[in-house]
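There are two complexes below, and they share chain A, which is joined by chain B in the first and by chain C in the second.
Let's look at the complex of A and B:
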């Protein structure tokens, strides 16, 4: 019995990921606004109908028990996606951006979703990672793989300065502190000429073990855009982060973060050092955001203060809200929608922040638990 | 309770002041290992304040507490828990979105390994710890509620009031404390449920012989059946101490509760 239901769950997991990938390919290939709108309409109707008939929920429930299967097939799907669009600079760039934003949101998810520490300055931490990478790669000969790590470390360190006031405040006040920090960071890089000032900074390409990421990849007759290299690296980092976050959640550490988020006083009477857990989540979260920012800087090749503003932070928060606070898989889906929708729908380009803001309000009002709500903790696939 | 054994818990002139209000006024008493002590008194007489001062949620304004011959006055809640005191709350503080098992494990914090190696890297080590914890939780739950044993992965939001109390008691017991503080466990229960709850408390006592319990209660029937000794508080002051019969017939207690002068 175990074998059979296990197989069904596994197939359901693969099926769901494959369906998502096909949707993603369609989404990226369609050029016209009308096509995109029709596709979105078809997907929503399909999902709604499946939900109504009651297929989707049990299938999802079964599929979610097979985390490893979902993870592996999602990674393979990403590779397939890259393969399909290998010569298309723009699509690959967008895929890379979705992946890096998901990576950053995973960090935000640890802070916000797991430990309940608010952070409305995620774009600033993303920027810290980026600027660190720019400065280190321009002025030192530190290997670039270490530069990426340094981006994360710098972001975590600067975050730990913010921890001093954050640990002494709660709710709105803590939120305001992070917002203030975000504004401060932007102003700081804008007036700082050694960091390029308002014009920004350029970066050289990433180089790891003599491999130049900005060279086009060519294997026999197959050519690929140089973005292909970045997307591969980004997806490997994302996979690592996913494994880390999922293991963390399915362990005593995840339970501890839940305990301090849900009831600080109760947790304190059972021995939880509240500050210690908040520091862990905030530091690890900012590290992930910083690494994502550093790699993003190399991929884009350019940094400017305008990319790290409060509205950008709000975008990341809206992704976490839309995906479902506390659900990493929801994040990936939400990042895909929020990053790509304005790029593909020309009408939305100028109004993207309007879209995000509306999105936040609508989610909070109608579906506060997000697209894919937080699941019950399962330590090892199957329920305890 | 002979005079040569030293008390497990000893309070000396414990005082807590909120502005002009004396919530706890020079409370002194000794508690010996294995006792069940009842704490009674009208609303606002300082019973829960005493628990909060004892567990470090409030700082004492004056006075001292010794637990197992160690001073624990004004330790942090975390330190008090590690010293071996755990409690339940008057209003349930379960995490409703977490499973019953997770809620019980929150109480087990000091015995769980939080290192990154077992939790993140060598998952087989973590699995062994998890299975041991599952077995312990199941064993504990079997005493109270064999039915809940089978539903440990259900969310705490879906169980009844008395079941929540039981889970809270399990959460307090899983770390094997020496002193258990129960804050009005019968609040909001029917008389039927209260009877079942008393059975639970006596069962806990039977299974963990050396466990010491302080029980805050309004239901005199619970005090009568479960406790060996009780203390009555009024306006933060101890008005009477002794067996149930002594306290229940004490004129000061009757005055505080019934307003008879």
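Let's look at the complex of A and C:
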């Protein structure tokens, strides 16, 4: 089956990832607002030109056929990216943040993109993970790797409290439930004094076995910022989650989720048990969001109610939507843009929610399938 | 608990109920004609309050008479929000009629965010709470240990008048008949020559104007408004509408007062600290949705395939 076209696809995949990485390096190393704007202009002109000539779309389609190649080369590029910025605290922190947000959005993608379960409280679930990590690491001696898992489990458990109302309702009503939960969570951590109230909580560094994550990494003459450790762990987790989600989507489980998203009644008449699949997607999704939240709390070292507001949830939703609902690769790209753009363009910082919201409105009105649309499901190596 | 304190709580509950009812009616009207939830409705409430404040600030020097000033504030707020409602319906809701419901939901949520952020960023000093002027004076009637504020009475009376007027409009006028017809069956209404688009736009204008009134009322009652207040009011208004059964205007009014009652009970009777009253209110919303997914009065819904 592996012929010339397979090789071309692989090369296309590697080429696209490498190009993205070079773009990312340029993006992170440019300091001035004008430089960033010029870079963005150059990238959009390049993409537009490639689209006009008609090579972007077939290239993308070919590349998307080789998930393993994309995955491995994306991971290697992340490592290269970390290597390039190994001594730069801020850039590494941003890379770590992008990775963790992507991880959380992957969870949201399972709920939204795969099963069609709405969740407008993703920031709250992220917060549940974070607060769990903070409380467990401060008051118990549970190993930190387990604390990360506990963050995910807590988030999934609290999410399961919402399951009953979510399963009984749909559409707008279900959305209201998650919105109400998001507001409830934020108010709760703000008025609860044992969780730090409005001032928030501080966390110590992550420690796995004897290894302190907050120590500078030094191998021979090479030094690296302590964020390097977090980025490594986060990218490993993301890779794991990515493989999990991709395998899940490719399997019959993914097919069932697709069926109930596209037509609940139709799926039910074919014997799919709607509730079971929704529970699976919602719980697994919240687990991923919670783990991301827990690791993020360790990396940032600080938690405050203001990080888990409703607009933050909407930001995560915008990322999922911008990436093209149902396409995890687009997700990483969208997370990169949405997290980094306001950090690098200081003028945008204040206007970011306005910008995201406007962007999502425009996309929904004029390009409802997102930046990189969901590819068609393919069976048994059947060509694109 | 003495009578005076109880009176204050009841009064507070009734005021809140009136505000929630006005917001909930909008949700119900929109759902009736288009079967969509306009999630930016709460931010339209905020928009109304800020528009009212802007009109007040623009005219407070030039206009002497307080009654005229109140009128100008109200009319300015209502008219601008009615226009905004029409714009939202035309630009965002109507074009997406054939798209999945999720898209409409996201679109209106994001429209609300745009509105909220625009107020925060572009209203002078908009990220801080704004003082709302006591337009109706500060008179009060003392009844034993209970003081009744005159402006509150006026607000209640005008809110009641508005709701009564809406009732008459919907049941007695030709336009109201058209709205009811469209809500009942769009296709039959169209074939009977009712201009569907205009009726929908009119409904959005009315609902949004009511929201603007609720916003100004909120400002007058608390003497303060902020850019994020609509988020809470929107969620509560929607819950109230759901509580009373979506599409049913009277249910929405009932739901509004019911919700205010719940909140007051949450603040007074629960052993928790009153800081938790919003946590309580949201928990109740979630529980109610679990118990009655389509509201207390409930639309009879069966799935058509």
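Annotations
We take it that the second predicted complex is superposed on the first by the 375 of 384 C-alpha atoms of A that agree within 3 Å, B and C clash if a C-alpha of one lies under 4 Å from a C-alpha of the other, contacts with A are read in each partner's own complex, and residues count from 1 in each chain.
The working rule: a residue touches a chain if its C-beta (ideal position, glycine included) is under 8 Å from a C-beta of that chain, and two chains touch if they have at least 3 such contacts.
Every value quoted in this text rests on a predicted model; they were computed, and no experiment measured them.
When the two complexes are overlaid on their common chain A, residue A:169 makes contact with chain C while staying clear of chain B. In the superposition on chain A, contact of A:298 is made with neither chain B nor chain C. In the superposition on chain A, A:336 makes contact with neither chain B nor chain C. By the document's definition of touching, both partners, chain B and chain C, reach A:265. In the superposition on chain A, A:360 contacts chain C only, with no contact to chain B.
By the touch criterion defined above, A:27 reaches neither chain B nor chain C.
In the superposition on chain A, the chain among chain B and chain C reaching more residues of chain A is C. In the superposed model, A:247 lies in contact with chain B only, and not with chain C.
Residue contacts after overlaying the shared chain place A:181 against chain C, while chain B stays out of touching range. Where the contact sets of chain A with chain B and with chain C meet, they give residues 265-266, 269. Contact residues on chain B toward chain A in their complex (touch as defined above): 55-57, 76-78, 80-82, 86-87, 89, 93, 95, 97-99, 101-102, 105-107, 109-110, 112-114, 116, 119-120, 123, 126-127, 129-130, 134, 152-153, 155, 171, 175. Within the complex, the chain A residues that touch chain C are 116, 118, 120, 162, 164-165, 168-169, 171-173, 175-177, 179-181, 183-184, 187-188, 191, 265-266, 269, 310-311, 314, 317-318, 321, 350-351, 353-354, 356-358, 360-361, 364-365, 368. Across the complex, chain A meets chain B through its residues 244, 247-248, 251-253, 255-256, 258-259, 262-263, 265-273, 374, 376-380, 383-384.
Of all residues in chain C, those touching chain A in their complex are 36-37, 39, 92, 95-96, 99, 101-103, 105-107, 109-111, 113-114, 117-118, 121, 231-232, 235, 238-239, 242, 273, 275-276, 278-279, 282-283, 285-287, 289-290, 293-294, 303, 305.
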